[in-house]
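Naming follows writing order (A, B, C and D), and every chain is counted from residue 1.
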Amino acid sequence: MKNSNAILLIHCPDRPGLIASVTEFICSYGGNIIELEQHVDPKDKIFFMRVEWDLKDFSIPRNEISEYFKKNYGENLSMNFKLYFNDYVPKMAICVSKMSHCLFDILGRYTAGEWKVQIPIIISNHEDLRWVADKFGIEYHVFKMNSENKTSIEAKQKELLREKEIDFIVLARYMQILTDDFILSYPNKIINIHHSFLPAFVGAKPYHAAFERGVKLIGATSHYVTEELDAGPIIEQDITRISHKDCVQDLVRKGQDLEKIVLSHAIEHHINRKVLVYKNKTVLFS
Amino acid sequence: MKNSNAILLIHCPDRPGLIASVTEFICSYGGNIIELEQHVDPKDKIFFMRVEWDLKDFSIPRNEISEYFKKNYGENLSMNFKLYFNDYVPKMAICVSKMSHCLFDILGRYTAGEWKVQIPIIISNHEDLRWVADKFGIEYHVFKMNSENKTSIEAKQKELLREKEIDFIVLARYMQILTDDFILSYPNKIINIHHSFLPAFVGAKPYHAAFERGVKLIGATSHYVTEELDAGPIIEQDITRISHKDCVQDLVRKGQDLEKIVLSHAIEHHINRKVLVYKNKTVLFS
Amino acid sequence: MKNSNAILLIHCPDRPGLIASVTEFICSYGGNIIELEQHVDPKDKIFFMRVEWDLKDFSIPRNEISEYFKKNYGENLSMNFKLYFNDYVPKMAICVSKMSHCLFDILGRYTAGEWKVQIPIIISNHEDLRWVADKFGIEYHVFKMNSENKTSIEAKQKELLREKEIDFIVLARYMQILTDDFILSYPNKIINIHHSFLPAFVGAKPYHAAFERGVKLIGATSHYVTEELDAGPIIEQDITRISHKDCVQDLVRKGQDLEKIVLSHAIEHHINRKVLVYKNKTVLFS
Amino acid sequence: MKNSNAILLIHCPDRPGLIASVTEFICSYGGNIIELEQHVDPKDKIFFMRVEWDLKDFSIPRNEISEYFKKNYGENLSMNFKLYFNDYVPKMAICVSKMSHCLFDILGRYTAGEWKVQIPIIISNHEDLRWVADKFGIEYHVFKMNSENKTSIEAKQKELLREKEIDFIVLARYMQILTDDFILSYPNKIINIHHSFLPAFVGAKPYHAAFERGVKLIGATSHYVTEELDAGPIIEQDITRISHKDCVQDLVRKGQDLEKIVLSHAIEHHINRKVLVYKNKTVLFS
């Protein structure tokens, strides 16, 4: 990770020669490709690619790469692309309510240096987890939100997020439904964890619903937040086995282990620029 | 398995002393308990038990056990119970349509002697799998069913099932919706495999729906058939991981491995009298 | 959990009437059985049982139950038994080295009140994780151990453990090999996490060995520590899928998620008195 | 699958421009890349690639591609490569002993047309499974092998394999140890299923060993056969959960479900040219 790498995420209509064009672009300017992964949606004929290359001997200055690529390749090939650099450390805000398991998992990884990320703030509608934020020396902001003040509170939250230059937001069991306006301000930049195997058990109290239905497995789903509740592009899912012996409280307890791991894996994919969203689904590069 | 064992499946309102009563009954007549498993639903206060005992030195004749237990215990304690013997070989009918993967898995186990079961007949609405039945020397009955003749055809099927003394029916990707009347004739005796992680993707074409939603795991669910479609008591479920690279056909192919294993495990639980249905859920003894 | 329950863990040579004897004992003195699970090893003919009952109306005083049971049942039936009470809060010591992932997972659960346990001390051979202990307000004791001072250091550790009345010890990636003497002082009371799917990759650097062998799954194993390295009774295991793309560092990172969850589950089983050790294997009640 | 595709599997020392060279080769002659996957071993600095392209508009005749690629690219870049065509149907021989579960799984898929493969012969040291081969209309050859006649028998087997133009061999629980000579005649072309999570429980009776050790998971491993027993490159592995309630026979039964699925998945990877062997490990393209 000492090297500076550029990362291109591309999608465009499929046609012959796309991989050759992009690799030729990188190689002809002295870039060494570290990793390349591509995929073609055979139904919609869409081409997807993630390519990462070492900038050491790359002759185009990094602040000109995007412009250059756009002019010479992107436009000809109708490419939709995003350019990232692996030495940029994104800023992440965490939103929590009263449960601490996801927060502890995130902060444990954070303080161990597992992720290339900064966490300037934790946002909550309750005071309950301030002590955790304090332990880890992170600012904790409480916004008492209700159905009436949602718009004005969200305006204040957005101001704070802008001020702290937050790149993306993690809802670590936040238990609040965001307004469309807020969601649209952070497209594919708000990561939620839902405590069910979506699309089963959308909405509130999924463990109660799972118990009632008598399922033999429970799940957790991490997804980007979109305007439709619990219906955004899925990043990661996992399940665990339960039995008739487990009451709702057991499901809650067992599910928490799933939730925290699934959410943290989704965050990791996002930080590493491994996720490309297309038509409400994710292409997850490995 | 050379011994003859009796198996009692019991459920009743919970109260102190239930286990002691039942175990004392068995022991006082010379039965040696091989296995006992109990469970109390803490919400509904219902007691569930499965107990299996060796009949070798048991002094009540096997055809009087049920009557005796009912009079002396069952009635006092409001017990709902079923008595089985492990040396009885149940008769199972298989219903198929055109896909062979579940059928092969079942017949492979059957011919290897894995299950204590007899399979006198295979029923289908198509000729496609007759050759498989022929290979294994099992009668294959085709009933061409459509929306108009369903009632009369089902009447004929029921006659055949009665004649062959069928104890339970396995829908091995049968692709037909049974009438309520038929279902009610075989309560908790029709085992279906649904190719999704229920309750997600109820109904037709679950793999297409899973692909559209962009899930990262697909599942299969085996359940008893009830009048509400895909909503009966779940016996077994499992999942497998997929990725954006998998098209619908890949999901179908990967899902088939799940379907056949999940269905066969459910059949095995049923044959071994490990399943107790209560309030549209299963208690699955281990 | 408001009720006081007694828990009996029993093993003895199998013979008819064992369940009836124990359940009759509990019922005849007014105890209401909450949960009973039994198992017979068919090869060695050993009977195992865990039974938990409510003490509310139980007429034997709790400090006399053990004596009473021993005299009237245990001795007759050659029973080996242990009696616990669910309202006793055991004291647990954690031993760590430099890695924090297991420690954070344990302390996250601890502060969230997930476990009925007390953690008075953390022991280490390094200063590295003192800040974590400080965050959570737990005493942190450093013992600089080397091959020469092991005996004298362990003597001091044992003194500390006695003084703090520690019931059991968790090695949360401790990276030290304990002496036989120390191990024998805490029989089936030292829980270790080994970062492989034992018995594969015993000893040091299992992730390196897994990488070299080219396995497609990596695992983690939590077990009680015995005199033979990594060979004690296994409490819990789990695995995760890897690929040729994963280098040793990826295995380490992915393995840490396994390690912490597997270790915490093993601790939970131990706290809940669900583990019975017999002949270097565990009977794990559900 | 109607199109004819070429598949190149490449490995060579890593250097800048490898992907660009290969993709340029394909594109400049009119080939449309369907799928490309590459990987660099960061330790050994080895480059691996699998690329598949449509031959429809490819201007080099298929019987000249290999020669052409070798001369113009392979030699310059020290590439080790293999060229396959997706419309070639490989011939596979199955070796069995007495257990039928893997055989049924393979033949079920085969007759359902799941794999692009031909199975001209089944080889065994016992008559037991002849009836299965007969059912499916496949030649069944029995070679009574013992420690004394192994060399001469294997010579006959090799003659048969040559005569039937067998491309690769599947040991579907064959229970015979092959001589080095035989193994070296089919390098990376003999696929075995071992009934444990290798490298745990190498050799005979792995389920007995797993039972003795008290593991909580059992596994199955499919690998290419090399001269060292159970130590060849691993293609696929999976596990299932067991408990103290499972005796050796239960492990055998539960393990069979693993064995057949793991073996069939490994066969599928092999048929689809997704496996590249390097230094006793596999690169498994997705």
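Here is the rule we use: a residue touches a chain if its C-beta (ideal position, glycine included) is under 8 Å from a C-beta of that chain, and two chains touch if they have at least 3 such contacts.
Remember, it's a predicted structure, so these values are computed and weren't measured experimentally.
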Give me the set of chains touching chain C intersected with the set touching chain D.
A, B
Relative to chain A, which chain has the most distant C-alpha mean position?
B
Using the average of all C-alpha atoms in each chain as its centre, how far is it in Å between chain A and chain B?
41
Averaging C-alpha coordinates per chain, one finds the centres of chain A and chain D separated by a number of Å equal to 37
Expected list for chain D, residues touching two or more other chains, is 243, 245, 286
Partner chain A, residues of chain B touching it in the complex:
39, 42-43, 48, 197-201, 213-217, 219, 233-239, 243-245, 247, 280-284
Which part of chain B faces chain C closely enough to touch in the complex?
16-17, 19-20, 23-24, 26-27, 30-38, 40, 241, 286
Using the touch definition up top, name the residues of chain C that touch chain A in the complex.
99-101, 104-105, 107-109, 111-112, 114, 135-136, 243, 245, 253, 257, 261, 264, 286
